[in-house]
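Both complexes shown next keep chain A, but they swap its partner, so chain B is in the first and chain C is in the second.
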Partner chain A sequence: MTRATEAAAFFGITATIYLALLFQWIPIPLPETVQEFTLPVLPWWALVSFGAYSLGNIGYHVMTFRDCPEAYHELQTQIAQAQNDLRSKGISI
Partner chain B sequence: MAGQHKYSVLLPTYNERENLPVIIWLLTKTFQENDIDYEIIVIDDNSPDGTLEIAQQLQKLYGEDRILLRPRAGKLGLGTAYIHGIQHATGDFIFILDADMSHHPKFMPEMIRLQQSKNYDVVTGTRYAGNGGVYGWDLKRKVISRGANFLATVLLRPGVSDLTGSFRLYKKDVLSKLISSCISKGYVFQMEMMVRARQFNFTIGEIPITFVDRVFGDSKMGAMEIVSYAQGLLKLFVAV
Partner chain C sequence: MASGQDKLVGASLLTFSTVVFVYYTLWAIVMTYFLHAYFPPREYAIRIPCVLLVFGLTVILSFLSMIMIKSKKKVEKKAA
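Up next is the complex of A and B:
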């Protein structure tokens, strides 16, 4: 099963359960507040939550993305060393 | 430290005349200091800047058993460059890294140690975990990188923190199998290698690495790259 079919299966099943509850296809007694107020906005809540999670995740990881100037300076030194060494051995740099 | 193993480094190049001598110098230094048996396979795609000519000079300096030149007639893509390189590789392990010095060979002994400790099939460098990091990226570039990686993680769930990185150590037969099953090109190709590796139940270890954006030459990242990345990602989402 590819990732796309996995995702399609997941959304298909979730949507079926949701619609069954929303339109009361199966007689599961839910509290009135859930039936009247929670269920209609549940998909939007899920969407907004996922969006918030995504932004939070990316934002957090951008914030904690480490800069490594020491790696740059080390490399600069080594580039100079390499070029001097190779030039002294007759490489045309 | 490497025991009886031999490590083949694949270096696909295109216009890397300035970078190639330095990266080869760094590689040989690292391998010699750590007593690792190695060979470096330079796969040059007929660079107009004379990359091959400088590679020939380096071959004379370091020896024909250490530097192998396997040039090709033109720009034929990364995947085929690796296939071409593997065919000529005599090592039982293959290192893949960029020739532009954004990947530093100093991490190789660590990667080898981790591979040996758990007998991993693949060890990949990660900029996103532990002491990893980048140099030379502005905020925009970081956001794009992080966003792209997040999107790929959500869609493909590969279980690897740095999907688009390309500093990796592979068992030779594992790499051959992965390449032959890959359908993508460019950035997405590196990503697909990890996703396929998971698909085949290969084991993957991670080592934090620092990434210094290329010193000589231009870094390739624009709107076109982002679009082709998104296309490739969706293709993978449907295919894998």
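Up next is the complex of A and C:
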């Protein structure tokens, strides 16, 4: 199953369950507070927490990004070598 | 490790998103009578994300449409 199909299936199933509970198509008695207060708010809560999770994920990875100074210096010397090489062959950089 | 400034930016993003998540969860779902002093009325828990979503989508889509119009004009100019 491709990623897109998997995501669509997950989304469809959660949406169906949520709508079934919200409009009481299934005769499952939920507690009063859950039915009246929690269920209508859940999609917005899911959206906000998805945004917060994305932002937090980005922040976490920015925070723990591993620099590699040796690779940086090696790359710099290689760039300098390439520039000198090309300059000696007459191409202006 | 990432540079000091990068770490600061990352950490601030992380704490901001955690605070937003906890605050919004308490506000929209867990609201009990102890907490009524610290939160605005509960309708705003729906209205604020709704307004932000509408504004955000408007900005993004109008930006996209401006770019599409500009690129179409460029193509027409080149063909002419």
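Note that the second predicted complex is superposed on the first by the 72 of 93 C-alpha atoms of A that agree within 3 Å, B and C clash if a C-alpha of one lies under 4 Å from a C-alpha of the other, contacts with A are read in each partner's own complex, and residues count from 1 in each chain.
Please note the rule applied: contacts are C-beta pairs under 8 Å (C-beta built on N, C-alpha and C of every residue); 3 or more make two chains touch, one makes a residue touch a chain.
Predicted, not measured: the structure shown is a model, and the values here were computed from it.
With both complexes superposed, B is the one of chain B and chain C in contact with more chain A residues. Once the two complexes are laid over each other on the shared chain, residue contacts for A:3 go to chain B alone; chain C is not touched. When the shared chain is aligned, chain C comes close enough to touch A:47, but chain B does not.
By the document's definition of touching, both partners, chain B and chain C, reach A:58. Looking at the shared chain after the overlay, A:20 reaches neither chain B nor chain C. In the superposed model, A:38 makes contact with chain C only, not with chain B. In the superposition on chain A, A:78 makes contact with chain B only, while chain C stays out of contact range. In the superposed pair of complexes, A:66 makes contact with chain B and with chain C alike. Within the superposed three-chain model, A:89 lies in touch with chain B and out of touch with chain C [touch as defined at top].
Shared interface residues of chain A, touching chain B in one complex and chain C in the other, are 58, 61-62, 65-67.
The touching residues of chain C, when paired with chain A in their complex, are 1-3, 6-7, 9-18, 20-21, 24-25, 28-29, 31, 45-46, 49-50, 53. If you check the complex, the residues on chain A that touch chain C are 37-38, 41, 44-45, 47-49, 51-53, 55-56, 58-67. Against chain B, in their complex, chain A makes its touches with residues 2-4, 7, 54, 57-58, 61-62, 65-69, 71-72, 74-76, 78-79, 82-83, 85-86, 89-93. Here chain B touches chain A in the complex through residues 18, 21-22, 25-26, 54, 57-58, 61, 101, 104, 128, 131-137, 139, 142-143, 145-147, 150, 154-157, 210-212, 215, 236-240, going by the rule given at the top.
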